[in-house]
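Got some structures for you, see below.
Note that chain A is present in both complexes that follow, paired respectively with chain B and with chain C.
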Partner chain A sequence: MNTNNPVIETKSLSHSYNSHNALDNLDLEVYEGEIFGFLGHNGAGKTTTINILTTLMQPSSGTATVAGYDTVKQSMQVRQQIGYLPENVTFYNNLTAFENLSFFARLSGVHDVRKHIEEVLDFLDFHGIENKKLGEFSKGMRQRIGIAQAIIHEPKILFLDEPTSGLDPLGIKNLREIIIRLNKEKHLTIFMNTHLLSEVAKTCTSIGVLNHGKLIYKDTLDNTLRRFPSEVSLEEIYVQMEIKSAW
Partner chain B sequence: MAKQLSAIVANELRVLIRERTFILLLGVFLLMTLFSSYIGWTTKTTILAIYKASVLSLQHAGVTQIPPNPFIGIPALAIFRNMIIYIFLIGSLMAIVMGHRAFIRERKSRVIQLIFSKPVEKKTFILGKIIGITIALFSIVLITFLISVISSYFIPHQQLSLLETEKLALFYFVSFFYMLIFAMIGLWAAIVFDTESLALLVPVIVWIAVTFIFPELTTGQNPVALLNPTNIAVVTPTGPFFTLMHTALAPISIEQQYTALAQSLLETQKQFQSLPLSTTIIKNASSVLLLLLYYLLVMVLSFYAFVRYAVTNDKIYE
Partner chain C sequence: MHSYGMPSPMTKSMNNRAVWIIAKKEYSDAIKNVLFVTLVVFLLFLTAVSLLVAGFNFQSQVAQYNAAIAQLHALGQTGAVLEKPQYFPLQMLRGTIEYLEIIGAIIGIILGYISIAKEKGNNTLQLLLSRPVSKLSFIFGKILGNSLLLASLLGLIVLFIMIAITGVGHVVFLPLELVKLFLAFIFSYIYLMFFYSLSALLSLLFKNLPNALIVGFVIWLLIVLVIPQIGDTMDPDNQIPGGFFNSMHMTKTQQQGVITKFKTYETLRNALEESSVEKHYERLAFATLGIKTMYNDKNLSVIFQDKWGDLVWIIGYYTGGILLSFAVFSNKRILERTT
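Right, the complex of A and B next:
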């Protein structure tokens, strides 16, 4: 259900840490209903971008809007509209799944907390774990709780930073299915940082490639595969882009 | 904001009560409170037994002038004087751990990033943390007070009068503020330092300085001896260094001001006995104000340190 409304838009977005330019005049548009895969090598600026878009960080210059709200001037409105799952978050291990979710739901202003938790866990097909402590959970189970806390307040846009990091193949497959269902059934726009090109090919509807803080490519996945007909996989296309960018 | 604040406070209490280090320190602290009464009770019964045996022995020997009962004139509150040491040594450390854990756990687990992806203001979060720590510490002190009062009923002829109960309550209230200062130092350090070990080490060094180094500088006395709550008012040594140090630092020494206040409330010295509560407070008004001032100072420091804290630029993640 892609539309022509950009729900994420950045204009000349730049950020530097001391003298290092992590982001360099990034102009990016992500449209409503897309599953956007943001690709790039380590240190390319993907996490910096997601930190700015989720209002956790302010850019050095340029602007970013999410769901029509400025990420600096209207950060609280942006946070109402988004869900976020950072990389390697471990939650409160001594609390149960219900207690963890209840805390994040209350922070998000959810009214009927129990009902929302039941609905979300039901959607994720995650039963019988409410009263178990998160310290007993596997990485895959934690990621599902991570997704649950991110969508409990019914946001419009979901940000995922390396969501498959550290997951086994079955965990990756389960997460992929969840992401696709969230997009199709809950109509969420999904912005996903990732290294795994195979996952992008199976999950995303559009991709962007970031190299040293610059956006070197952006298009739908279908167009990308058409544009590089001689390449057999997304990995090869990605390597081609990186090589061109280096030149 | 009120709902978010209550969620943060409730979560802080829920998480704290399940942390092993905290539970261990709390257990030791409560046990020592119980022991404080027990030690007071055994000391009293032993001395009374010896006194009675001595009286009988003296009477058999034909002595007519029997010395008075050593407990006559000793206030009932004196049996709790050991609590001053426990507050210094265990209560303050427990408070540091509470403050430290209150924020370091969110930093280490990166939960802090989740929290600030929700519509939560930084001020709401830190206020929730401060309120959570305050409620937890107040509850502990309240339990400690109740243990002391209840245990006093089991000590023969040592039941607390209404005035003594009020003084004991005020002693615990003052101790609560004293510990709260250390909890805020623990919280502040957990916000500003880049590593978990440094964030714990710095408040512990502050605690050592406040409890041992500072009092020694101002009195020239052995720090362990200074902890003894039965000490009569510490006499300043006659060297120019200690005279200068005492004059300059004693009025701002948190440990000495707390000791002075605690000793007068627990009537460890004769001149404090039977003083009305209001007189005790007025006589120690400067100590009360100093404790309050220190508390406000470290609380405001913690608050502003957190407002300046950069969620995404935390070196503790590395």
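Right, the complex of A and C next:
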């Protein structure tokens, strides 16, 4: 699916909180049609990167473009092209699934809201929940609503921040299948922050490793697995990279 | 395959649409909120009680007057020396205004808190801001929704008052009285919106949401109860029931002469009262509704000539609160911390 068009591109992207450098001259390209897994330890700068790419934050220096638009100067255009599921979002518990989705769809300028909601829920194989309040939903069900709100306006790029966080093994498997289907059937480029290397190996087409705000590795998953001896797991490769970077 | 690079012409108009979508949601969220509905019902109940008490009070004045007249007639005298109690329906709203000062302000604080806390607590703020919605549209939508909500609440109270006074008391409002009633509730709206914006502002600023609510209530306590109470206690004329100057049979010139000798004291006392938005609101509402007897039969130009300062103050507080909310929400660092 890689068409050699970078749909996400950062150049010398840096961001600091007071004196702490969260991102340090990040140069990154994610290509159209990829499922990009962004790996890194806690505090490596993954969420800061996603916040800049989704226009929630402005970088201290450097530039970032998403779908050809500058995240600072053309933030509104960027927002029209993206869907986003932040970590630990709980939505509005007092509203039903339909009301939650309808609110986010209308905010994104979707006109035939009911039709879009039905289509999205159908795609996610998520039926009979429209009139249930989100307060009654499990974590896995909420994540599916999260995906539904993120794709309801038919974005081109989907950002997921630790999407499997807090899910049970079945929930993780279901979410993995949804992500792959979104990429294959809806042709979405997916940018995913994650800790779970096993998921990266099963879901992503390319990976990047961030360490203390610096990109220490980026390649396709195939190349990564080819480059290292076959008996070495992705987990071991990642640990080696982290150790090497620390030295 | 998708094509990228075409800017959308919808962006600007979509933001106007977004303002309405957010405003509508604010409205419907609040009317489904148990705490808000309970406070509204409580306020309506207190309004009814205050009207009832005012009604009984007037009836008792009339009964006393009739008894006094009967006694005078029994003594063979006419009752011409006694002033007949006059009924002014707007004066019955003293209790309503006082309850709005206290409960209304609490409603404003609760609404401001809920308005922001639900987005921060659920992490939906990030979702909202990743949509084609500008920060200004977001906060404007919130303010608009809650403005409409508070206007509806006050409209409901006005309707309730009119039904109670006209329907039950069989009193027909004069056109000027209706205008005065309308103006008093515009001032009430401004007053309540100040507390809404104050609370929304604190909820935006504080990372720990319960702290925002606590600070909001501390400020409410100071503005609504403590400062006005200190100001009243320090007022030399309030030291004796019925008024110190009145009991000493002092003329206005003599009163001013005494106050001039305590200029620093009086300046300090006045400054304390001036710092409370509640005091300005009360002065303005009491004058407009004729609760302050000296303004009872005065037309609006006379009232505003005297009370324009209070009007400027409450508009200043209201505008300041809203502008600060916009400024805080537009602040890059604060928003980063929030998201």
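Going forward, the second predicted complex is superposed on the first by the 245 of 247 C-alpha atoms of A that agree within 3 Å, B and C clash if a C-alpha of one lies under 4 Å from a C-alpha of the other, contacts with A are read in each partner's own complex, and residues count from 1 in each chain.
What we mean here is this: contacts are C-beta pairs under 8 Å (C-beta built on N, C-alpha and C of every residue); 3 or more make two chains touch, one makes a residue touch a chain.
Since this is a predicted model, take the numbers as computed values, not measurements.
Undergrad: On chain A, do chain B and chain C fit together or clash when superposed?
TA: After superposition on chain A, which the two structures share, chain B runs into chain C.
Undergrad: So, does A:V89 touch the first partner chain B, the second partner chain C, both, or neither?
TA: A:V89 contacts both chain B and chain C.
Undergrad: Would you sort A:H187 into first (chain B), second (chain C), both or neither based on which partner it touches?
TA: Second partner only.
Undergrad: Would you check which partner chain A:V200 touches, where first means chain B only, second means chain C only, and both and neither mean what they say?
TA: neither
Undergrad: With the two complexes superposed on chain A, say which partner A:A67 touches: chain B (first), chain C (second), both, or neither.
TA: In the superposed model, A:A67 contacts chain C only, not chain B.
Undergrad: Comparing chain C with chain B, which touches more residues belonging to chain A?
TA: C
Undergrad: Looking at A:E32, would you say it contacts chain B, chain C, both, or neither? Reply first, second, both or neither.
TA: Only chain C; A:E32 stays clear of chain B.
Undergrad: Chain A residues touched by both chain B and chain C?
TA: On chain A, the residues that contact chain B in one structure and chain C in the other are 17, 51, 54-57, 76, 79-80, 82, 84, 86, 88-94, 103-104, 106-109, 149, 159.
Undergrad: Name, in rising order, each residue of chain A that touches chain B in their complex.
TA: The touching residues are 17, 51, 54-57, 76, 79-80, 82-86, 88-95, 99, 103-104, 106-109, 149, 153, 159.
Undergrad: Along chain A, where are the residues that touch chain C in the complex?
TA: 3, 5, 7, 17, 32, 51, 54-58, 67-69, 74, 76-77, 79-82, 84, 86-94, 103-104, 106-109, 149, 156, 159, 187
Undergrad: Touching residues of chain C toward chain A in the complex: what are they?
TA: Residues of chain C touching chain A: 1-2, 4-5, 7-8, 10-11, 14-15, 17-18, 21-22, 25, 29, 32-33, 118, 121-124, 126-134, 332, 335-336, 339.
Undergrad: Enumerate the contact residues on chain B facing chain A in the complex.
TA: Per the touch definition, chain B meets chain A at residues 3-4, 6-8, 11, 14-15, 18-19, 105, 109-111, 113-121, 310-313.
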